[in-house]
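In the two complexes below, chain A is the common chain; its partner is chain B in one and chain C in the other.
For the complex of A and B:
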C-alpha cells in the first residue's frame, strides 16, 4: 500500500493537536523532579509544530483552497498576493493562530538560548508559558478552528474587507502580538521567580530585555494602528479612544511602568513585589485586551464577530491564568521590606512617581472603557465615553509625565540632588518658555495646548542633557533612554500641534471652484474615474497653492471594491512642512457639486518619528550597561558577566 | 496574609464576574436615544423657500406621525426613499428634518428621490437632532398623538422594516 499524505489543511490541523500535546508536556514537566528537563525540548517541538500549522494555513490562502472555510470567507483569487498572505491573520481564527505562533516561537527561542538563571529556572518559566500556550491552543482547536472545511467547496472566495488591504494594517496585528508575547515571557519569568523565591537584580537583568523588546513592539504596533486610522480610514485623526484602541493602550501603560520599575530592581534591588505585580498585571491586561477585542463585549468601530462562547472561553482563560498568578503572588511575594532605601528626589523617587502616574493613567483608561458597560448593566442606560472625558483627565497627567521624564534621568541614584542641580535645568526651562511662546504666536487657543508645547520643548532639550559636558561614552541604557525620551517629546509636540493648530474646511465644490483655508488656496481641478486591481474609484484632483505658488496636488478617492462590494474613502495626503495636507472626497450631491473635507495637520509627522524613536530607544536600552565602542577611541566593550547560579 | 496581598485577586474576581455577566448581552452598535418615552423637544425650524417649517406643535395632532431625519449628503437616505414612499402610500404622515443641509441641496434631493414628507424643517446646526437624542442620519422617530416619542429607528428603513413600522404605528394609533 502506498502511503498517501493527507491534504495539507488536515496536516495543519494535526500539527495543532500535536502542539497542544507538546504544550501540555511543557506545562506539566517542570513541576516534576525528573521530568523537568523535558520542558525545553517540548517548547521547541511546540514552536515547530505551530509553525507547521501556520505554514499549512498560509499555503491554503496562497493557492486559494476554498474548501477551507476561513479562506473562502477571507480571500479571493483576484486579491494581490501580499494581501492573500496578510489575509491569514485578518480574521479571528487566523489572528489567534498568529498569536499562538508568536508565543510558541518565543518559547522556542527561550529553549534554544542560554539560560542566564539556570536550566531549572528556565524550565519553570517555560512551564508557565506552556500553560498559556495550552490554553490558547485549546481555544483555537475547540472554539476557533482555522482549518474547518466546507463541502462542497465554492469556486470563489468572499474576499477580504478592503479596509484591511493596507500595509499599515497588514503589519499592525503581528507587531502588537510580538509585544503581547514579550509580556507573556516577562509574566512567565515573574511567576517562576515567585515560585523559586528568587527575585533579585539578576532576575531583573535577565527579564529587562524581554520587557524592553515587548515595549518597543507594542509602541510600534500602536503607532501602526494610529497610522492606519489616520491614513486609511480617512477619519482625519489618529486616536479616537475607541475600546479596541484602549485595549492595546492599557498593556502599553503597564509595560512602560514595568520597564522603569525593573530598572530600580536591577540597579538597587528595590521594589521587588511591585515589579512582579506589574509583570503579572501587564499580562493580565494583554489578556483583557484580547478578550475585549475577540468577545465583542464592548461595541467598537473595530466590529469583530460577536461570539459569546468564545468570549466565555477567553474569560475563563484570563481569570484562571491571571488568578493563579495573583494567588502565587499573594502567597509567595517576598516578605522582606521593599529593599534598599532612597531619598525622595533621587532617581528611584522619580521612577516611583513615574509608576504612580502611569497607573493613574491606566485607571482612567480602564474606567472609561468599562464604565458604559457597567452603567448599562446597572441602569439600562446607554452612553458612550469619548474624547472629552479621556482628554480632560489624561492630558494633565501626560504633561506631568513629560516634566518628570525630562528631570528623572538627570537625578542621581539613592540621594537627593546636589545644590547646584537646578542650574542644569535652565536650558530645558528656557526651551519650555520658547516653545510655549512660539505656540502662542502660531495661534494656540487653550492653556493645555500651550502647556503641551512647553512640556514638549522641555522634554526635547532635557532628554539630550545627560550627554552635555560628559566625557565618558554613554551606556546603551543611558543612550536608549535619551532616544526614547526624545521620541516622546517629539510625539508630544506632534500630537499637540496636529490637534490644536489644525485647520479644517468642509465644502461642497463644483469642478473649477476653490476655497481658502489657513492661508492656502485649494481648487477642485478635476474629478474622474480610476481603476485598481480589485476596485474602481472616483478620484478628485485638488490643487493647493499659497500666494499663487503651487504647494501640492492632492488626489483623494472614493473607492468601490468589487468583492465584497464596499465603499471606502482613500484620503489624499501630501506632506507639507512636517505636517500633512489631508483631503477626503465625499459624495456628489446630485447637482454637480462634490463634498470635500480638507484638513491642514501641522507637524503630525513628528508623531510617527517620535514613535519610531521611542521603539528604537527601547531596543538600544536593551543593550544594558555596556558602553559603546566609540569610533576612533580604544575603549573595550565592557559588559557585566551574567552570573549563572549553580543549581 | 494581609488584605493588600489578596486585593489583586478580589479585583480580578470582580472584573471577571462583571465581564461574564455582560457576555450574553445583545450588542447595540449605536447609542439608543434617551428621549424615547419622553415628549419631543420644543423646536421651530424654518422650511424650504416659500414653505412652512416644522414645529413641535405639528407633531401632537392626535394621531401618530413619523419624523425622519435625513440629509442630501447622506447616501443611505437615498436607499430608504422607496420605503418612505411606501409608508406614505399607506397613509402615514411623515415629517422630515434635514440635518446640516442647504435649502437648494434639499430641494434637489427631493426632486430626484421623491418627497414623502408632509412638512420639512431645516436643522442647519443639528441642534434639534441632538434634542431628539439622534446619533446620525438617517434616523426615524415615531411620535404618538400626544407628541411623545415612542420609538426610534436607527439607520435606513429597509423594505423588511416597513410592516414592522406600520404595526408600531397601529399600536400607538
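For the complex of A and C:
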C-alpha cells in the first residue's frame, strides 16, 4: 500500500527547508539598505511554505502513511478521524511544527495587514520574528524532523496515548501556542522599537492588541489544560503545581503584567523601558517553558543528560535570542526618554504595584519549579517542591492582587485620589464582609480560605463599580477590564470554594454497600462491563441521595484501551448546585470490593466561567483598539487624556 | 492489612484494637479530628510509584499502604510531623511535597521575601 502513495512527506520536508531559507531572508533583509523591502514578502512566503509542510504531515496522518515514523509512533487506522488529525501535534515533532506554523502565519498576517508604525519598522519587527522562526525551523530540520521515513513500513501504527484522545487536550496545545506566538510578536515589536529608539504611545497602541490576544489565548489554553486534568485524570483536582503546568503559568504571569504596563505606556506615556523589558521577559519565559517541556529535563536532570541534543539546541536558541534581546535592551534603554511621572496612589501607581506582585509570583513559581533540578544537579539530593510550598508562598500574594484589582480601575490617572474616595469603597467592603461570613457559615476552616471568599466578594462587586452612577457609554477598554476582573473574582471564588469546602471520601465497597459524605448518601448500585470504539471498560453505577431523595447517578469507568494497551480512569461527574459530584473507580481488590473515590466540589463551575470571562474581557478590550486601528475607520479616542510630554 | 503493618501494630501495642476489614488505607479513622489531621498529611506526601500525585489522590497499591501507615500512626497518637519525619527517613526527602527547611533550601523559602523586596526597590526607583 505504501508503495503507491505519492511522495507528499518529501514535498513537506522540502517546503520546510525552503521555509528556513525564507526565514533567513526575512531575518537578514531589514538590516540591509537595499533588501529592506524583501522582509514582508519573505514572511508571506515563509507562512505559505510552513502551511504546506503542515498540510503534508496532516495528509500522512489522515491516510495513515505508516512509512512516516511519526505516524507509526502516534497513529492507528482504527483511531477516530478527529484524533488522527489532532495526533499531528500530540507528539514532540508535530507540536514543534504546529508552533512554527502559528508563528509563520502570524508573520503572514503582519505582512498582509497595514503597518501602523511604517513599513521600515514593520520590516525590522519581521526581521526579529524571522530570527525566531529560523531558529525553530533549524531545530525541526536538524533535531526533530517530522518527515523521517522508516523502511520497511509497518502495516499498522502503535496508536496514540488514550489520555490524549480527548477534545480538551486536543485543542489545548494550539490554543496555548497562539498565545505564545502573540508574545513572540510583542517581543519582535519591542526589539524593533529598541533598535529604532522609538517607544511611544503609538507603539503601545499597535502592540497592545497582540498582547491582549496572546493573554486571552494563554488564559483559555491554561484553563483547557486544567479542565482536562480535572475530568480526564480522575484525581479530583484541576491544578497540581506540576512543572509542565508551571511552564505555562510563567509566561501568563508576565503577559498579565505586560498587558497592564503597556496600558500605562499607551495612555500616559509612562514606564517605556519597563514595558519593553516585560515584552522580552514574556518571550524568554515562553522559550524557557518550551525548553522545560521539550528537553526531558523535567523527569530528571539525568534524563536530560542521556540525550542532550534537543535540550542543548533549545538551550542555545533560548540563550542566543533572549540574551541578545536583553543585551539590546541594556544598551538602548538608557537612551529612551524617561516616562511621564505620577503620584503613588494614582492608576499608574496601582498598575506598578500590580506588576510588582505578578513578578514576585513569577519568581516564586520559577524558583520553585527549577530548584529541585538545580539542587539535584549540584548536590545529587532529590527534594519535592509541591502544593504545600506553592500554596503557602503564592496565595497571600494572589489575595493582595485581588484587592488591588478591585481598587485600581477606580483610581484616577496621574494624581492621588480626592478626599471622599474611600466612600466609594463601601459596597465592595460590605461584599467582602458578607462573603467572608457566608464562607464561615458554610464551614470554612482556615484564615486563608475566609480571606479568599472575602477577596472574591470584594473583587466581584468592585469590578462593576466603574459603571455605577455613570451616564457615559463605557469604552471597550473599560468594559473589557470589568469583564476580565469580574471573571477573575468568580474564578477566585470557585477555586477557594472547590478547594476549601470540598468533601472527599475514599472507600472500598461491595455492590449494594453505601457510605455518607457531606450530608449525601452514596450507594454502589452496580458494576458492569461497557465497550467503546477502541476501549472496553468496567462501569460503576453510584446512586447519590440526600435525605432519601435521589440527587444524581454517577457512572465512573475504569477503561482499558487496545492500541496502545493502557488503562485510564474516566471520572463520573454530575453538576450539582454550581459545583460537581465527582467519582473515580479504582481496581477491584479481588474479594469483590471496589475502591471508590468520591468528591463534592462546590462551585467549581465558577472557575471555568471565570476563565472564559477573563479571555472574553481581553478580547473586548483589544477589539475596541483593533476597530480604531482599522484603516478608514481611524478616529481619535474620545476618552483619551492628552499625553503629558516626557521630560 | 499486611503482615508488616500487623507487626508494626503489635510493636506499638495496638493489638486488641482490631483493624477495619479493608485496612486503614481505605477506611477513615473513627475520630474525625484524627482523620482530618491524617488526610492533611496524606495530601502532602508523594505517591512514589505515580507521577506527581499525592497518596491521598492515588489509587496505586503503594499509596494505599502508605495511607494505612499514616492512619495507624496518627491513631496511635503520633503527631503528623513525626510521621512525616519517619517517612522521610525511610524514603528520602522526595516523599514530602513540602521541601525540608535546610541550609540548601533557604533560598527557596526566602524567595517570596526576596522577590517582594527586590521589587519594592525597583518600584521606588520608578516612583522616584
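The rule we apply is simple: the second predicted complex is superposed on the first by the 605 of 647 C-alpha atoms of A that agree within 3 Å, B and C clash if a C-alpha of one lies under 4 Å from a C-alpha of the other, contacts with A are read in each partner's own complex, and residues count from 1 in each chain.
Note that in this section a residue touches a chain if its C-beta (ideal position, glycine included) is under 8 Å from a C-beta of that chain, and two chains touch if they have at least 3 such contacts.
Owing to the predicted nature of the structure, the values given are computational and were not obtained by experimental measurement.
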Once the two structures are overlaid on chain A, check if chain B and chain C clash or fit side by side.
clash
By the touch definition at the top of the document, which applies to A:77: first (chain B), second (chain C), both, or neither?
neither
According to the stated criteria, A:387 is in contact with first (chain B), second (chain C), both, or neither; which is it?
second
Now for A:284: first (chain B), second (chain C), both, or neither, which partner does it touch?
first
Look at A:595 in the shared chain and tell me whether it touches chain B only, chain C only, both, or neither; answer first, second, both or neither.
both
The only stretch of chain B that collides with chain C once the two complexes are overlaid, out of 110-118, 128-136 or 146-154, is 128-136
Chain A contact set shared between chain B and chain C covers 381-384, 508, 586-587, 589, 595
Okay, in this complex, where on chain B does chain A touch?
1, 5-6, 8-9, 12-13, 15-16, 18-25, 27-29, 31-32, 34, 72-73, 75, 102, 104-105, 108-109, 112
For the complex, which residues does chain A have touching chain C?
235-237, 240, 242, 271, 274, 342, 344, 349, 352-353, 356-357, 359-360, 363-364, 367-368, 371-372, 375, 379, 381-389, 393, 397, 504-508, 569, 584, 586-587, 589, 593, 595, 597
Touching residues of chain C toward chain A in the complex: what are they?
22, 26-28, 39, 43-44, 46, 52-54, 56-59, 67, 92-100, 104-105, 107-108, 111-112, 114-116, 119-120, 122-123, 126-127
Along chain A, where are the residues that touch chain B in the complex?
277, 280-281, 284, 288, 291, 295-297, 299, 303, 306, 308, 311-312, 315, 318-319, 322-323, 326-327, 329-331, 333, 370, 373-374, 376-377, 381-384, 508, 586-587, 589-591, 595
